[in-house]
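Two complexes come next, and they have one chain in common, chain A, joined by chain B in the first and chain C in the second.
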Partner chain A sequence: MTDAPEVRLELAAREHRPRGELAGAFVIAGGPPDGTRSVEFSVLWRTSGKGTEDIGVVHYRAWKADDGTLAALPNPSTFAVPLPPTPWSYDGTLVKVHWLARLRVRWELLGRTREVVEDAEFTLAPAARS
Partner chain B sequence: MPDDRDPDPDTDSLAPSDPAARPDPVAAARSGCLKLFVGFLFADVVGFALAAWVLIAQGPGWLVPLAFVGPGAMFLLVFGGAEIPRLIRQAREAVAATPSPESAAAVAAGEGVEAGTAARPRTAGREAGDAHPTVAVADTEPGAALAYRLKPVGVPWGCQFGCLVVAALFWNGILSTFVVNVVRGWNRGGLIRWGELLFLSPFLLVGLAIIAAALYAGLNWIVSSLVGRVVAELSDHPLAPGAAGRVHVAQGGIVPLGRVAVWLVCTEEATYVAGTSKSTAKKEVEKHPVADPEATGGSLPLTAEFAVPRDAMHTFHAPNNKIAWTVRVTGRALGVLPYRADFGFTVSPE
Partner chain C sequence: MSRVGRAPRVNPFSTRFTQPGAIPFRFAAADGLAALVAKLDSTNGWGQIVGPHGSGKSTLLASLLPALSGWKVRHVRLDTSHRTLPPDLFVPPEPGALLVVDGFEQLGVLARFRVRRHCRLHGSGLLVTAHRSMGLPDLHRTNAAAHAAALIADLLPPHGEWVLDGFDIAARLRHHRGSLREVLFELYDRWECEPRV
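Showing the complex of A and B:
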C-alpha cells in the first residue's frame, strides 16, 4: 500500500456536559496499512491561542505492532469514554480550550515512518455556557 | 461491531518497546551530531594554527585565509559528505520515533488521568487525581468580617519601583557615556552628527520609558503606603458560576480611600516563548461591577452583595495558559491619587 489509509472518526454528539460520556466510532478503511507500527486513540483537551500549547489526556489507548496488540485492534471500533468535569471548552482572546477525540496511525513505508491524524472536536460545557 | 467499552487495562501499550530490539535513533542522531561538531571544531583549530604559522613565517597573504578555512572545508567535504546524509536520515528516524504528544501526556500521569505536558499546577488543598486538576484554588486566610480573606496578587508597587530604579540607573548610566561623547563632539565641531543621533534615539527612548515607568511605580508605591493595608474578604470561597456572595473591603492606612469601587475581573494569561526568553501576555476579558461609589458612598469599610455571572468560565490553571479571577478595588487617595489592588479568588466549576 502506498497511499495514506482512509481514517474516519465520528462522534455521536458534538456537545457534551461535564461528567458526561463521549460516544463514537472509528474505522481504518481496509484495515491498518502494511507496516503499521501503532494505532493510538485518545480523548484530550488542548489549548490554543497566544500561549504555548498545554495538553491534557483523559483517555488513551494504543495498539502496537511491537507488543502484538495491533492484531487485536477492532476495526471498526466503538468507544464510550467518561468525560471529566473540567476544563470546560473556552473560546477566549488569548486562551482557548478545545476538546477532541484523536486517532493517530503510524506506519512504515520504504524505511520511513509516516502518520495520519484524524481529530473530531466537541465541546464540554455546562448548560449555562452552551 | 467490536466495542472497547470494557476498561481493558492496556497498560503494556504505554510502555516503550524493547530497547534492545532496535537502536535508539535519538541517541544515534545526537552522537552523530556531536562527532560532526567536535570534528569540525578540531579542523577549525588546525586551520587557526596553520593561519598563525603562515603569518609568523611571513608567507604570502593569500595563503592566510586559505590556511584558515581549508581544514574546515576539507573536513566538511570528506567527512560531512558521507556523514550529513546519514545524520539527516537519523534525525528523521528520531522524529518518527518520538512518542506522540498524547502518549507522552498519558505516560506522565497514567491512562485515564488528566495529564499535562509539564509539571502539574499547584492546587492548594487538593490531592493528585482530584476531579479538577486544572482548577487551582486560590489561597485564603480566615477573615475578620467575613469567612475568607483574599490575598493580593501581583508584584507590590515598592518592589516594582526598586527594580525599575535599578534598571533605569543601569541602562541610562551606560547610555550616558555615549551621549556625553556625542555632545562633546558637537561642542568641539559645532556640527550635529545626524547619524549618531539617529543611532542613539531608540536607546534614549527606552531609557526615558524606564524612567517614566519608575516614576509611575513610585507614585503608586507612595499612594499604597498612604492608604495602608487594604483587605478584601468573601463570605464563600470558592464560588461557582451563578453563586451569590458578599464581599467586604476595609483599609488600615492613615489616608482614607475615597470613591471606592469593587469589581469582579477575569483575566487571561498566556505564556509563550519569544526568542530565547519566555513572555506572558495578559488580557482582561470580563469586568463586572460589584460596588459603585455612587450607590455606596465610596468610603471604606464597605460590604456589598454580588453574584458570579452564570455563564462565567471557571478558573483555569495550566502550565502555559491561565484564566484567573480577581476582586479589584479601585479608589482615590486625597481625592486625586488613583489606587488599585487585585485580590485573587477562584471560580469553581461546581
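Showing the complex of A and C:
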C-alpha cells in the first residue's frame, strides 16, 4: 500500500462536562495498512499561544505489531473515556486550552516510518459556562 | 460570552506552528541544504550560523541537523534562562563528533574558549549559532527579510489574508531589527483582534 489510510474519528458529542465521559468511535477504512507498526488512541489537552506550550494526556491506548496486540484491534472501535475535572477549555488571547481525541497510525513503507494523525476537538467546561 | 468553555480558535501564528522544526528553513537555492553540509564537511565541522535574534538560526539548525548523518552530533541549546553547559560535555568525544551549540554567545568568554579548546584538542567539530561573529568560519548568515513574506503566506489558512491588510512585512522586520519572531508575535496579536461571531 502506498497511500495513507483513510482514518475517521467521530465523537458522540462536542461539549462535555468535567468528570463526564467522552464517547465515540474510530475506523481505519479497509483496516490497518500493510506494514502497520502501531495504532494509538489518546485523549489529551494542550495549550497554544505565543509562548511555551503544554500538553497533558488523560487517556492512552496502543495496539502494536511488536507485542501482537495489533491483531486484536477492533475495527471500527468504540471508546468511552472518563474525563477529569480540569483544565477547562479556554479561548484566551495569550493562551488557549484545547481538548481533543487523537488517533495515530504508524506504518513502515520502503524502510521509512510514516504516520497519519486524525484529531477531533471537543470542549470541557461546566454547564453554566458554555 | 465567557472565554471559558468556548472552543479555542486556532491562531496560525501560535508557537506550535512557528517554532524551529515546525517550519522548514527556506534556502535560497534548491540544493542549499546539501551545499551547507558540504561546506561544513570542508571545514572539518567548524562553522558558525550568525544572524539577529529571531531571524531563523534555530530553524536552520532544525533543518540541518537531520542531514548531518556523517557526524555524531551533540546538540546543546542555550538561552537567557539556560546559560550553562552540561557537565559531561568535556569528556573526550568519539571520533567524528560534532558539538552544536545553539546560542553560543550566552556563554562567557572563558567558557567559549574552553569549548573551542576542547573541540580542537579532541579533533571534533564545533558548529555554533550566535547573534554576532564568534570567529569561526561562516557557514551561513540568516536574513529573514529574504523569505519572510513567503513563510508568512505559508502559515496563513485559506481566507486568512485579511491579517496582512495594511501590514508592511518588510517595514515591521526593519522595526524589529530583522527578528521574524517578533513580526510573527505581532501577527499573532492581529489575528486575535478579529471580531468573533
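The rule is short, and it goes like this: the second predicted complex is superposed on the first by the 130 of 130 C-alpha atoms of A that agree within 3 Å, B and C clash if a C-alpha of one lies under 4 Å from a C-alpha of the other, contacts with A are read in each partner's own complex, and residues count from 1 in each chain.
The definition used in the following text is that a residue touches a chain if its C-beta (ideal position, glycine included) is under 8 Å from a C-beta of that chain, and two chains touch if they have at least 3 such contacts.
These figures come from a predicted structure and were not determined experimentally.
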* Should the superposition on chain A be reported as showing a clash between chain B and chain C, or a fit? -> clash
* **Contacts of A:90 with chain B and chain C, given as first, second, both or neither** => both
* In the superposed arrangement, which partner chain does A:12 touch: chain B (first), chain C (second), both, or neither? -> neither
* Please indicate which partner A:98 is in contact with in the superposed arrangement: first for chain B, second for chain C, both, or neither. => second
* Asked: Can A:64 be said to touch chain B (first), chain C (second), both, or neither?
  -> first
* To do: Figure out whether A:123 sits in contact with chain B (first) or chain C (second), or with both, or with neither.
  => second
* With the two complexes superposed on chain A, say which partner A:109 touches: chain B (first), chain C (second), both, or neither. => neither
* To do: Give the label of whichever partner, chain B or chain C, reaches more residues of chain A.
  => B
* Would you check which partner chain A:51 touches, where first means chain B only, second means chain C only, and both and neither mean what they say? => both
* Can you tell which stretch of chain B collides with chain C among 27-35, 243-251 or 279-287? -> 27-35
* **Those residues of chain A which chain B touches in one complex and chain C touches in the other** => 49-53, 88, 90, 92-93, 97, 126, 129
* Complex contacts: residues of chain A adjacent to chain C -> 14-15, 48-53, 88-93, 96-98, 121-126, 129-130
* Asked: What residues of chain B sit close enough to touch chain A in their complex?
  -> 1-5, 10, 12-15, 17-18, 21, 92-93, 96-97, 100-103, 105-106, 111-118, 131-135, 241-242, 268-273, 281-283, 285, 310-311, 313-314, 316, 318-323, 349-350
* Asked: Inside the complex, what are the residues of chain C that reach chain A?
  -> 2-11, 13-16, 185, 188-189, 192
* **Residues of chain A that touch chain B when the two form their complex** => 18, 25, 40, 42, 44, 47, 49-64, 66-67, 69, 74-80, 84-88, 90, 92-95, 97, 102, 104, 106, 112-113, 115, 126, 128-129
